[in-house]
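We call the chains A, B, C and D, going by the order they appear; numbering starts again at 1 in every chain.
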Amino acid sequence: MLTIADHTFSSRLFSGTGKFSHTQLMLDALIASSTELVTLAIKRIDIRQSTDNLMAPLSSLGVKLLPNTSGARNAQEAIFAAQLAREMFNTHWVKLEIHPDPKYLMPDPIETLAAAEVLVKQGFVVLPYVHADPVLCRRLEEVGCAAVMPLASPIGSNQGLLTKEFIRIIIEQANVPVIIDAGIGCPSDATAAMELGADAVLVNTAIASSAQPVIMANCFREAVITGRRAYEAGLGLVSNKANSTSPLTGFLHELC
Amino acid sequence: MLTIADHTFSSRLFSGTGKFSHTQLMLDALIASSTELVTLAIKRIDIRQSTDNLMAPLSSLGVKLLPNTSGARNAQEAIFAAQLAREMFNTHWVKLEIHPDPKYLMPDPIETLAAAEVLVKQGFVVLPYVHADPVLCRRLEEVGCAAVMPLASPIGSNQGLLTKEFIRIIIEQANVPVIIDAGIGCPSDATAAMELGADAVLVNTAIASSAQPVIMANCFREAVITGRRAYEAGLGLVSNKANSTSPLTGFLHELC
Amino acid sequence: MLTIADHTFSSRLFSGTGKFSHTQLMLDALIASSTELVTLAIKRIDIRQSTDNLMAPLSSLGVKLLPNTSGARNAQEAIFAAQLAREMFNTHWVKLEIHPDPKYLMPDPIETLAAAEVLVKQGFVVLPYVHADPVLCRRLEEVGCAAVMPLASPIGSNQGLLTKEFIRIIIEQANVPVIIDAGIGCPSDATAAMELGADAVLVNTAIASSAQPVIMANCFREAVITGRRAYEAGLGLVSNKANSTSPLTGFLHELC
Amino acid sequence: MLTIADHTFSSRLFSGTGKFSHTQLMLDALIASSTELVTLAIKRIDIRQSTDNLMAPLSSLGVKLLPNTSGARNAQEAIFAAQLAREMFNTHWVKLEIHPDPKYLMPDPIETLAAAEVLVKQGFVVLPYVHADPVLCRRLEEVGCAAVMPLASPIGSNQGLLTKEFIRIIIEQANVPVIIDAGIGCPSDATAAMELGADAVLVNTAIASSAQPVIMANCFREAVITGRRAYEAGLGLVSNKANSTSPLTGFLHELC
């Protein structure tokens, strides 16, 4: 069981709503993933209509919503987006994303910490999306973030765990859950992240861009469970030498 | 379902009997792995007693036995070992292992091909353990091997899929099952091998050297299933750029 | 030629003074490296004596000194250290290092930006040591830093270019020189960094911890020159297929 | 100095003649590389004309020629090609290449060993191109090959040192020179191969496919020299922890 703030999750796979070709496919994938936390962006239409296309079906799944501030380019915009989201989605949870650069969408450490500090004071449960920066993760924890979400590789790139050695340090030092976000491209990446000791992973593109998103969502479900169990069971050590598995039958040349 | 020679397997995880601290633990791990094919070495004691410590309990599991020629340093010794094994274990299946070097236990391509050719003619179902050499795998297929077993990294090293790019070529060219053997260190490696399109993986050290072999065996069971399903569903493409998952909320700065 | 602030360097290899077993060895290594910029820490003794063991010999080499703020745990300490260094070493150049964590010595992005802003206003030429964070590098450039110094891997680890994909982005976006710092373990790492388009590399541990620091310093000198020239000449493309180098002599089988 | 058979080389960079846009460019690149051993294929025209376009200019460079058997698909064709080459190029040195598969051009271990044995007996100095297979390399050495040439990655792919861990084993076990062939894509790859302890590298595509082959050839010249010197000087150890380069100025917080 994973606890973030006051909420307990049975599933360590978090997911999102982006890039699916249609809503029903997204819903089926979310069900197959067994995720209990789903991130979604605030869209212009949401504000006007005060009702959301996705709200009703997502609510029916019984998942917790995690509005994100995707598109915010600085702390001010992110704080405003979080406040809008609180109204619209009736939740004080927020995935804090601030990325001034539209090409690689890399997160801004300064604005993220500044916004996190304000939002925590305003009563938000803040889950910041950040570079795999161990010191930044510590500072976000210190200002009261409920978890940290370091990236594996550039968002949507499916490049996998490029930041492995830094994530290892983050996990070693963290007192809040560490959720690996962005760049997880295939189930083996998710398993590997969990084997390192991550508390959860967030996967969206790799599910939505699969030829069969529902099956792939289920694969990620299993991959995350397996990686967590392997971490808890304890992995064998890596060696630089070969190590005979079978007893060497030295007697063969006596008999031949 | 995976078919090798005339036998069909529900499980794509093959396992072994080496390095477990005691027999019951090995049996429990094999059960937890759901493996249907178990490799084992011929031991000196087996020949003298004509009964084997492992035979009875392994038989009770209902798994297919795959005797290996571990310890053989050339074709002659391997052929002799295979013939011994056929008598003892009452099977014409053999995992052909020939490794003249005791330090890294790397397989010998020349002796392996020579022994394979003889053993196939003698009616054996031959599964050769080899370096991840695409041309050698083709030749072993041409002389009638039922599958090929290229290594991921040095045996027992837990280093994972070091030979990934060559295994990719082997899988692309093979007309017989490709079973990844040796070096698979954690469940994510097994999933990654299956995502590449391997037909099965053989895991022994990573299970036996875990602090909790039974749980780890079960993790590998799941890892292999997940990797295969992900391969069949079709993985998303890897990109060099970030790719926004959430629609960018460009309207934020109009409102702020 | 590389220009940082108002200074032009013929050499793109920067070095340091730490970890050498004695001063003469350090000096010989620095000469063999052809470096023109040498970083050094402020030591307690320097303040008391107002003369420094290293100052005189380093001055005789004709290299530019780059005092660093190593040991500073926040902006205030770093600013103070920079001001001390300006007095002691008579230079307004400073390598800004702020690392609150004594185990991995990872830099603090928040304090580093804050200190950089103050120091630039006070007339310092600021070269900040940072995680390979593309957005942070942009911001440091915007507040007037003369260069950015992203890390390759944890300092002193010799692990090489772990942050390659992020350094690629930093180089693509930067308008100031990008100097790869920390973790460069062998000359091939330095060459690889320069092939990516880095403007310079800073190497200290890999030279000082070699069995033969003077020769190794000279190797890094050559490695950096070679990497830069290769970058300027233009590297060939990486391909997923083999590509025959020699014309295939298809006529052979007609003749045999 | 590197000695192969009875010949001593000052340069540890070997090169080739393929893929250059014209002959003069090739010659200029070879001069810039300082190579003393150049491999070239036998072409149909050579046999007919009994004079070769490349022979005269290559001879004027004073380099040793290493005819290769590129295009041979089995031992018989390779032996025939070697004999033809001996006549045409007046040398008993041969680079033995046998690759039945036209797509990836991976070498055939069985045919290569068979041909090597015959050619050695016929008085050839045999340098076989092989997969990075430690046992095969040992066997080629045992039948009298003058060196072994394991591949770094598929030929012409510029993918670099994919087989690093296996090359490490080959070098540890070899009593003849180990020359890394195929796949070296940039100077840093060549340096890295030499840092591992390789005796030489063969580079062709990465030079010929550069935008500026002459400069790139010279870069590889330097890269190989640097890697060798670094290997001989002794590289520092890789660590999992950071390791402070500068003495930590703990006194700062006393003063601030």
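As a working rule, a contact is a pair of C-beta atoms (placed from the backbone, for glycine too) under 8 Å apart; a residue touches a chain by one contact, two chains touch by 3 or more.
On a predicted model such as this, the values are computed, not experimentally measured, just so you know.
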Copies subunit A and subunit B touch via same or different residues, half shared test: same
Furthest chain, CA centroid comparison against subunit D: A
Geometric centre distance via CA averages, subunit D-subunit B, whole Å: 33
Multi-partner residues of subunit D (each touching 2 or more other chains): 104, 106, 154, 159
Pairs of chains satisfying the touch condition: A-B, A-C, B-D, C-D
Residues on subunit B engaged by subunit D in the complex (per definition of touch): 99-101, 104, 106-110, 113, 131, 133-136, 138-139, 153-154, 159, 162, 165-166, 169, 173
Residues of subunit D touching subunit C in the complex: 16, 18-19, 39-44, 47, 68-73, 76-77, 80-81, 97, 102-106, 154-159, 185-189, 191-192, 195, 204-206, 208-212, 215-216, 218-219, 222-223, 225-227, 229-230, 232-253, 255-256
